[in-house]
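Structures for review follow.
Two complexes come next, and they have one chain in common, chain A, joined by chain B in the first and chain C in the second.
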Partner chain A sequence: MKPTIAIDNAYIESWKQKGGKVVGTVCCHIPEEIIHAAGMLPVRIRGTECTDDRDGELWMTDYACGFCRACLQNLISGKYHFLDGIVVSDGCMFVQRLYDNWKVIGNTKCKVNLNVPRNHDHLAVRYFVDELKILKEEMEKLSGREITDEALNASIDLYNETRALIRELFSLTKGEHPLVSGTETLQWTIKAMSMPKEIYNQELKAFIEEAKGREPITGYGARLMMIGSAVDDPDYVHIFEEHGGLIVTDYNCYGTRYLWQDVTRKEGETPLESIARSYLEKLTCPRMTDLHDEMYEDMLRLAKEFDVDGIVYVRLKNCCLWGGESVFFYDRFKEDGYPVLTLEKEEITTNAGQVGVRAEAFVEMLEGGTD
Partner chain B sequence: MAEEFWRWSETSWRNPDLEGWQKGTLTAGVDIGSTSTQAVLLSDKRLVAYASIRTGANSKDSAHNAMRKVFDLTGLRQEDIAFTVGTGYGRVNVPFADKTITEITCHAKGAHYIYGSTVRTILDMGGQDCKAIHCDETGRVVSFMMNDKCAAGTGRGMEVIADLLGVPIEEIGERSLQVEKDPPPITSQCVVFAKTEVGHLMREGWTKEQVLAAYCEAMAERVARLLRQNEMVEDFAITGGIAKNIGVVKRIERLMHVKALQSDYDSQIAGALGGAVLGYDLLQRRKKRARKTE
Partner chain C sequence: MNDTKTNEIHEVDLLPDVHKEVVNMYNHMKAKHPDRLWMAQLQMDHWNDICTAHERGKKLILTSTNTPAELIYAFDAVPFVPETLIMRYANSDKTFKYLDLADQYVSHQLCSINRGQIGYYLSGDLKMKPDAVLSTVTPCDSSRVAYTAASKILGVPSFCLDTPYRQDERGYRYIGEQIKEACKFLEEVTGNKLDWDRFREILERGNEAARLLTACSKLRQITPCPLPGSLLVLNEMVGGMMGSQGAVDFLQAEYDYGVRNVKAGRGVTPGKEQFRVIWLQNMLWNNAGIVGWMEKAFNAVLVMDGFGYEGYQVIDTSSEDSIFLGLGQRTLNSPMVHGASGPAEPWIKMVDRMIGEYKVNVAMFAGHVGCKHTWAASKLVKDYIYEKYGLPTLTFDEDGIDIRYQTADQIKATITEYMETLIANQKKQG
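Right after this comes the complex of A and B.
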C-alpha cells in the first residue's frame, strides 16, 4: 500500500511558509467551512503516527480511550507544532477531556470548545447557530479577518465540491468490478483533512480519473462495511484487505461521516444557519440523543447501496459512544441479512495478527466455503 | 531438574479398522497452535491416523514432526498426500500446505465431523485463546467470538497452575471435583495475578483441590461469558485441550445449563481434522473443475 499522508506534510509547510494559519479540529461535527472562510487551514487531529502514548495516558489516564490519548500525545509531542488554534467539540466524553487537558497544558494561541447539540430539531439548530457565531468570532480574532457571508458561501461551495468528489470516490467501490479499495478511500478522506481543499479537490479529481482506467480489483472474498468508533488508520483497514475482504464503505467519522452530505441552502437562511442545520442533519453518531433508529437506517441504507456481504463493527476500548451501541443494531443487522463481526480495538495496533485471523475467518464465513 | 507437572502427553493413533487407503483421496490437516500441533490424515474422508505433539520453538519443524509421526504409523510419504490444509496461528508456517484456512472454520468442520450434524455451538479452548463458534448443520460457521487477550481461561493458564500446585495437568479436572462445595472462583483475570492469589489461598489453608476448584470455576465463568456473547444453541460440543479437563467441562455445563456432546475422538484434533475434511472438499471441487475443462 502507498503511504498515508503525514500529519506534518509538505502542503502544511508550504501554507505556513506563506504566513498562513492552521487550526486543528477534533470531531467531524465541527464546520470547517467557518475556519476556511477566515482564510485559515483546518486540519483534523488524528492519533496515527503515535507509537507510544505515555504522556497522553499520564494526563488522561488509561480510563480514556486510546484514540483520544494518542491525539493528546501527538499534540504534546509536537507533531502538531504548526497549529495556531484548536477547536474541539463535546463530541464524546473523552474528546471533551482532550480539550480540558489541552486547555491546561496546550500552547496554541486559540482554544475553542464548541458545544454541538445532540438533537436536530429547530431549537437545536437555533442553539447551534449561536454557538457557531461564537466560533466565527474566535476565528475572526485569530485570523484578523472578518468572515463575510460571501466568504462563507464560497467555502460552502468549495466543501460541497469536496463532498461530491468523495462520494464519487466511494462510488468506485460499487458493482462487480470495484476500482478502489477501502484502504485507499480512507487514505483519501484523511488526506482531505490534512491539506488545503483547493489543491485536494484537484488531486482527488485526477486520482478518480486515473482509477477509472485501472484494472478492477479481483480475488477478494467479501464486500465489507466498517462501522463503529473512529478509525483513522488505513493500515488497520488494510489488515482486512490483506485477508480477503474489501471494505467498500464505512460508517466512520474519518471516512464517509466526515464530508458526505452537502451543506444545503434553504430560502431565507443565512450561511451560518445553513451550516448549522446541515451539520446537525448529517449522518448521525451515537453521541446524538436517542437517534439510534435513524442511525441504523443510515447504516442499512449504505449497506444496501454498496451491496455489502457483512459488517465489521470496530469499537475502541473504553469508547463511550460505540462501546454499547451494538444493542441497537446487532440483532437488526442479522435480521436484515448482514452478519456482524465485532472487534475491540486499541488506537495503537499491536495485534495485527489476531485481527487478521478474525478478518480471514469472517470472510471464509461469508464466502460459505473456502475456495 | 524440577518435575514439570504441566507436561501433557503427546499422542499418536492409527485407525486399526482401516485396511488400506486410496492414494488419490488422502488429505491432511495440520493445526499449529501456540501450545500444541496436530496432524490428521484422512483417506476418502475416513480417519487414517493422527498425531498431537507440543509446538516447539520453530513452527515449521513442529509441522514436519507431527506429519512424520503420522507417516511413521502409516508408512506413507508426503508425496502420497493429495491435498494438505494448514491451520492454526502458525498456518502460514506449514511448508507443505496447499491452502491455509483459519482455525475457526476448521474447528467448526472438525466438530461437525466428530459430533455429527446436530452440533451448533462449539467451544474451542486452546492453548492461548478461546473461541465460541456457532455453525449450521453442514459445519459452516454462522458466527463466532474469540478471546485471546491473554492466557487467562486457556490451556496455558492451566499449565501454569499445574506447575504452581505440583499437580499433573491430567489430574486437575478430577481433583477439582473432589470438594464438598465449590469455593468462590479466583477473581484475577490475569494468570500472573492469579498465581499470586493462589499463593495467598494456599497460605490461608485451602487444599489443592479447593484451589483447583476455584481456578476451574473462574475459567468456566470466563468462557461462559464468551458463549453468551456469541450465540448458544444446542447441541453443544467442546474441542481443544481443555475439553479433557472434566472439572472445567462440568462447570461450563452447569453454568450454561447444557450437556456437552461426548466422543471417543481426541478433542485436540478437531482443528486439524476440520482442515483435512475441508482439504478433501477442495480436492473434489478442483477435480470436478478439471473434468469440466477437459
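Right after this comes the complex of A and C.
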C-alpha cells in the first residue's frame, strides 16, 4: 500500500513558506469553511504517527480515549509545530478535555473552544450561528482579514466540490468489481484534511480518472462497512483487507463523515446560517441526541447502496458515544439482515494479529452465510 | 428489544421492590434511631411519590438531576430520576444483573450509573413505566446515551434540553427558550396546562430548598464541622425533588441539626477534628459508609465535595422572563454540571473556592471509573491545588455503583496508607 500523507507534509511546508497561516481543528463539527474564508489553511488533528502516548496519558489518564490521548501527544511532541491556531469543539468529553489540557500546556497562540449544540432544532441553529460568529471574529483576528459573505460562499462552493468528489471516490467501491479499496478511500479522506482543498480537488479528480481505468479488485471474500469511533489509521483498515474483507464504505468521522453531506442554502439564509444548519443536520456522530434514528436509517441506506455483507463496528476504548450507540442498532441491524462484528480499539494498534484473526473469521462466516 | 441476548434472570418489579426496602429502612430507623428519622423521611417521601404516582392519576416523568423538577411538579406530574434507583441499590448485588445485561448491548466503559439504567430498561423490570422522558444533555456522554435509550427502549416520548457549557446569559437564555418548548411537551404528555400561580408557589419552595442547602453548606465551614459527610450523599437526592415540601422539610431538619451541634460546640468526629477533607468530585455511592469510617478512624471529616457545592441558585419569580432565565441558569449550575462536566476551568475555580471557604487540609480524588472526563482533567485540578495550597491530592479509582470493581476494604486500605503518612509527617513537623 502507498504511504498515508504525513502530518507535516510538503503542502503545509509550501503554504507556510508563502506566509500562510495554519489552523488545526479537532472534531468534524467545526466548519472549516470559516477558516478557509479567512485565507488560512485548516488541517484536522489526528493521532496517526503516534507510537507512544505517554505525555497524553500523563495529562488525560488512561481513562481517556486513546485517540484524544494520541492527538494531545502529537501536539505536545511538536508534530503540529506549524499551527498558528487551534479550534476544538465540545464534540465529546475527551475532545473537550484535549482542549482544556492544551489550553494550559500548549504554545499555540490562538485557541478557540467552539460550543456545538447537540440538538438540531431552530433554537440550536440560532445558538450555533452565534457561536460561529465568535469563531469568525477569532479567525479574522488571527488572519488579519475580514471574512465577507462572498468569501464564505466561495469556501462553501469549494468544500461542496470536495464533498462531491469524495462521494464520487466512494462510488468506485460499488458494484461487483470495485476499483478502489477501503484503505485507499481512507487515505484520500485523510489527505483532504491535511492540505489545501484547491490542490486536493485537482489531485482527487486526477486519481478518480486514473482509477476508472484500473483492473477491478477481485478475490475478496466479503464487502464490509466500517462504522464507529474515529479511525484515522489506514493501516487498521488494511488489516481487514489483508484478511479477505473489502471495506466498501464507512461511517467514520475520518472517512465519509468528514465531508459528505453538502452545506445547503435556503432562501433568506446568510452563509453562516446555512453553515450552522447544515453542520447540525449532518449525520456524523452519536453526539447529536436527536438524530439516532436518522443515523441508523442512513447507515442502513449506505449498507444497501454499497451492497454490504457485514458491518464492522469499531469502538475506541472509553468512547462512550459510539460505545453506547450499539444499544440503538444491534438488534436493528440483525433484523435487517446485517451481521455485526464488534471490535474494541486503541489508537495505537498493538494487536494487529488478533484483529486479523477476528476479521478473517468474520469474512469466513459471511462467505459461509452467502453460500 | 428482542431477547436474542442471554438473560437468565428472574423477573422483579423494580419500583415496588425498592419501595418495600425503603419502608423497611424507615421502620427500622423509627424504632432504633427516631432522632434521625428525618433522614429516612426524605427517602420515604421520594419513593412514595414515585411509586404511587400512577395510583394517584399522575404522570411519571423520567428525568435527570439537572432538569428543573419544579417544572414537572407544576404540571402535576412526578419526577423520577433513575440515578436514584441505581444509587439505592449500589451497595447490593441486585445491581449486577442490570449492569451485566447492559454490557451485552453497550461498552463496559460507559458509566455504571448509566449502564445500570440501561439494564433496567432492557430487563423489563421497570414495570411501572414512566410516561415520558425529560432530560438534558449533561453531564456526560454516557448519560446522553442512557436517557435516549430510555425513550427508545420503553417506547415513550422524550424531550431533551440541549445544555451548552457556556455559563453566561446567552447560554442561560438558550436553555430558558428550550424550557418554554418543554412546557408544550409536558402539556401534551400530562394533559394539563401550566398554572402560573401554582408554578410560582413550587418555584418558591424550590428557592426555600436552595436557601437551606446554602445555609447547611455555610454550617460546614465552621470548625469543628457540625454535619457529617454522609449527609452530602443524601443531599444529592434533593436535586430531583426541588419544589417539593419533602425537600424543604429534610433540609430544614438538617439545618436545625447542624445549628444544634454548633451551639453545643459539637463536631462529628469522636476526637478533636484533625482533618477537613474535600472530595474533588463524586461520592462513593456504594461505599458511603467510608465517610463515617474516616470520621471515626482519623478524625477526618468530609466537609464538602465537588458534586454538591453551590448547587442551586435562587430563582427570581417576578416575571416569566426571569423565571425561564433562572431555570436556565439553575440547569447549568446544578450539581455535577457546574463543575467537572464542562470545561475544566470552572471546576478548578470551584475547587479553589471550596478549599478556601472550608479550610481544607486534605484533598481526595475518589475517581469513579465511569466519570472519565473528570479523570481527564484531574491533573489540571490536582496540580493547581498543589501549587496554590501545597496539598498533594490522594487519587484512587473506584466504581461508585459496581462493588465488584473495588471493595470497601481496598479503598479503606488506600485511604489509611495516605492518612498515616499525613499523620506521620505532622508528627515530624511537630
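In this text, the second predicted complex is superposed on the first by the 366 of 371 C-alpha atoms of A that agree within 3 Å, B and C clash if a C-alpha of one lies under 4 Å from a C-alpha of the other, contacts with A are read in each partner's own complex, and residues count from 1 in each chain.
By definition in this document, contacts are C-beta pairs under 8 Å (C-beta built on N, C-alpha and C of every residue); 3 or more make two chains touch, one makes a residue touch a chain.
The structure displayed is predicted, hence computed values, not measured ones.
Visitor: Taking the superposition as given, does A:339 touch the first partner, chain B, the second, chain C, both, or neither?
Guide: So A:339 only meets chain B here.
Visitor: A:97 in the overlay: touching chain B, chain C, both, or neither? Say first, second, both or neither.
Guide: The second partner, chain C, only.
Visitor: Once the structures are superposed on A, label A:61 by its partner contacts, choosing first (chain B), second (chain C), both or neither.
Guide: The second partner, chain C, only.
Visitor: With both structures placed on chain A, which of the two partners, chain B or chain C, ends up touching more residues of chain A?
Guide: After superposing on chain A, more of chain A is contacted by C.
Visitor: Per the contact definition in the header, classify A:145: touching chain B only (first), chain C only (second), both, or neither.
Guide: neither
Visitor: After superposition on the shared chain, which partner residues are touched by A:353: those of chain B (first), chain C (second), both, or neither?
Guide: Touch partner of A:353: chain B, not chain C.
Visitor: Examine A:287 and indicate which partner it touches, taking first as chain B and second as chain C; both and neither are also allowed.
Guide: A:287: touches chain C, not chain B.
Visitor: May I ask you to decide whether A:361 touches chain B, chain C, both, or neither, giving the answer as first, second, both or neither?
Guide: first
Visitor: How about chain B: which of its residues touch chain A in the complex?
Guide: So the residues of chain B touching chain A come out as 89, 99, 101-105, 140-146, 148, 278, 281-282, 285-286.
Visitor: Would you tell me which residues of chain A are touching chain B in their complex?
Guide: Where chain A meets chain B, its residues are 339-340, 342, 353-354, 357-358, 360-361, 364-365, 368-371.
Visitor: Provide the residue numbers of chain A that touch chain C in the complex, in ascending order.
Guide: 58-61, 63-64, 68, 90, 92-94, 96-97, 99-101, 103-104, 113, 115, 117-119, 123-124, 127, 130, 286-287, 289-290, 292, 315, 317-328, 330-331, 334-335, 344
Visitor: Taking the touch rule as given, give the residues of chain C at its contact with chain A in the complex, in rising order.
Guide: Going through chain C, the ones touching chain A are 1-2, 4, 102, 105-107, 109-111, 114, 118, 137, 140-142, 144-146, 148-149, 152-153, 160, 162, 164-166, 170, 174, 177-178, 181, 342-345, 367, 369, 372-373, 375-380.
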